[in-house]
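The same chain A turns up in both complexes below, where it pairs with chain B and then with chain C.
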Partner chain A sequence: MKKKVIVACGGAVATSTIAANKIMELCSEYDIDVEICQIRISEIESHLAGASLIVTTTKIKRDYGVPYVSGISFISGIGEAQTRETILAILKA
Partner chain B sequence: MVKEMMNVIMNMGASSLLPTVVILLSICLGVKVGRAIYSGLMIGAGFVGIGLIVDMMNSELGTAAQAMSERFGLTLNIVDVGWQGAAPMTWASGIAAAAIPITVIVNVFMLWRGLTKTVNIDIWDIWHMAFTGAVSIVATGKLWAGILGIVVHAVVVFKMGDLWAPWIGGYFELTGLTVPHGTSACMAPIACLVDLIIEKIPGINRINFSVDKLHERAGIFAQPAVVGGIMGSGVGLLAGYRPDGAFSLGVEMAAVMVLMPKIVKCIMEGLMPLSESMKRILSKRFSGGRFYIAVDPSVLLGDSQVITAGLIFIPLTLLIAMVQPDNQVLPFGDLATISFFIAITVAVHKGNLFRILISGSVIMYITLWISNQTYLWVTELGKNSGTITGDLPVAALDQGGSPISYIYVQLFEWKNVTGFVVVGSLYLVCMIVAVYYSHNQQSEAE
Partner chain C sequence: MLWEELKESLIFLNNDEKCKKDILKKMGEALISEGYAQTTYVQALLRREQSFPTGLDIQGIGVAIPHTDPRHVKREGAALAVLKEPITFRHMEDEGIQVAVRLIFMLTVLDPEAHLKRLQCVLSIIQDAEVLRKLLTAREKKDIIRIIKTKEEAL
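Take a look at the complex of A and B:
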């Protein structure tokens, strides 16, 4: 089944594009069928339906009731391997 | 032979120059040929697309804004294309391709000499530095002034990275990162001065309020489509259009707001392979606790106080634009991402909304004032790069309203000297206070 991943940042352009591409690569590497939904933080609420995971490239404090992973490491390169593993664990479950 | 090749490159036309350079540079850095060509073409697609959108926006909204201004005796007749318009214009200019190696060299040199701790791995935001170079070439016609402009701006940016790092690691809890780019970093020194003054006024210095839930309730009004729809319809009605005409302008402007970032995304995607190679090379050399990794300001836009302030500043910026004497610039393209201007300001004031409103108003006032001084350069830049074709001028709040670009170019120009001296010395004072604040913040953290 296709899994829906919400990738969000402040402007929905710069950083989320990087994170979205990294998640796409990761998923094709591990044969996980995903649908990436790249939006702004403020739009998350209206796209929640059917989402398996939320990744944001900025810190959010709000709980949307969907597993959440910070994607800041995709931007900075610090701790990227760990973020990849956390995401894999959630999407494989 | 070399001369002929140079001629071919110089005559290439703006929108194909950067794609060519990116394809060649990517291949040199080990990106696969197919991927490199794809990236180059995506950049080209972004340039062509943004040209179509900006032209449509300017002819429709620009015409309506002029009609509105005539009816009400206003002067708001130049549309702000926003960063989504200004960045592609800059990237399509001849100097932008050179800006990538120039800023990398400046950064590595400063790191090597211990002059900065900021490591820039972010190729996209080089456009801010390239903008200073590009407009100084437009204003002076001198290539060396453009190259020097990029170098000067780059030095300022990397020092800004060191300056703001204590807040990025502190208030925003993004340890090891910093945000030196764009309006967020270059406007925040103003917040430091405002904070210092407020601290000295008894009574006023105790005012502190914050609105936490506002963006959850009113968040829909910050959506690009809604901002575009309201602005378009509003300006249409004020211009004396019939309601159906005003609404269709609203729909068109909603389309502009929604489509612009999607098109800009093509250019960003095209720059990614290059960005990734650079990140790999630089992070191998400069990593660990001694350095700050410089990232795009949008990492700050998820903070709830930043979102709230961004929401309030949509109408507030329009209000400032209306009351500012002789202001000609109608804020539009930057409205949905107005929080870029105040993100670090929020951290300087520790989320105190009262102070954010004061600082932010000063920041938007200065931004608007500067963008009035720079719109001719921005328009010329847009024309040279083929982004705009009509007769209507354009302005850009983001980067077109930046004190750094303005002060640098003005050193060659000396127009409106009084204004320049006022803004220049005010900014200098702000910078000094910012350095003092940054030291305090740093020692507080330790």
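Take a look at the complex of A and C:
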């Protein structure tokens, strides 16, 4: 089944594009069928339906009832391997 | 290649600005006058930095990547500042964390999908602490261009 992943940042432009691309690469590497929904953080709520995971480059304080992973390591490069593993574990579950 | 676009007018070295707003304004105005950004760019960028800060801590080196919405941008570009004295930014991931920033990579992002390679290239520079350390010791603008060129050619 296709997994829907919400990838968000402040403006849905620069950092979320990088994070979305990294997640797409990761999923194709592990044969996970994924649909990326790249939006602004302010738009998360209206895109929650069917989402398996939320990844943002800015920490979100709200719990949307969907697994959440910080994507800051895709920008800083620090801890990226750990982030990849966490995302994989959620999407493979 | 990023280094080819980095004119000396878009590089800021040994500036005296002590506050975030002043240095961001100076860099943004350079991007406007070089034709990379709309006249609305600086105000929009300052507002964005306020709501969505862009500070990062790369192995102890404070870096910021301020940018804003494509509607304030004319074409893809970058301005770079190497600060003598750090300026406090808030962290991208957690705005409660302060970052003492020494390097500012200001970006004009128009179409990130089409220019993904360019954005990835900027990130590969900011993720390389060794390159950042070299940039911090640069004395002249041409050193900065050379350091970035060397990194890009190794990618």
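As a working rule, the second predicted complex is superposed on the first by the 93 of 93 C-alpha atoms of A that agree within 3 Å, B and C clash if a C-alpha of one lies under 4 Å from a C-alpha of the other, contacts with A are read in each partner's own complex, and residues count from 1 in each chain.
One rule holds in what follows: a contact is a pair of C-beta atoms (placed from the backbone, for glycine too) under 8 Å apart; a residue touches a chain by one contact, two chains touch by 3 or more.
Values in this document were obtained by computation on a predicted structure and should not be read as measured data.
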Overlay on chain A: chain C relative to chain B, clash or fit: clash
First, second, both or neither for A:I60, with chain B first and chain C second: first
Partner chain(s) touched by A:E35 [first = chain B, second = chain C, both, neither]: neither
Residue contacts with chain A in the superposition, chain B compared against chain C: B
Which of chain B and chain C A:C9 touches, first, second, both or neither: both
Contacts of A:E43 with chain B and chain C, given as first, second, both or neither: first
First, second, both or neither for A:I18, with chain B first and chain C second: both
Which of chain B and chain C A:I72 touches, first, second, both or neither: both
Location of chain B clashes with chain C - one stretch out of 60-68, 204-212, 348-356 or 402-410: 402-410
Interface residues of chain A shared between complexes with chain B and chain C: 9-11, 13-15, 17-18, 21, 41, 57-59, 72, 75-78
Touching residues (chain side chain A, partner chain B) in the complex: 9-18, 21, 40-43, 45, 56-62, 72, 75-78
Complex contact set, residues of chain B against chain A: 84, 121, 124, 172-174, 176-177, 215, 219, 222-224, 261, 264-265, 268-269, 272, 275, 279, 283, 287, 293, 295-304, 306-307, 337, 339-340
Touch list for chain C against partner chain A, complex: 48, 51-52, 56-59, 65, 67-70, 92-95, 107, 109, 112-113, 116, 119-120, 123, 126-127
Chain A residues touching chain C - in the complex, by the definition given at the top: 9-11, 13-15, 17-18, 21, 41, 57-59, 70, 72, 75-78
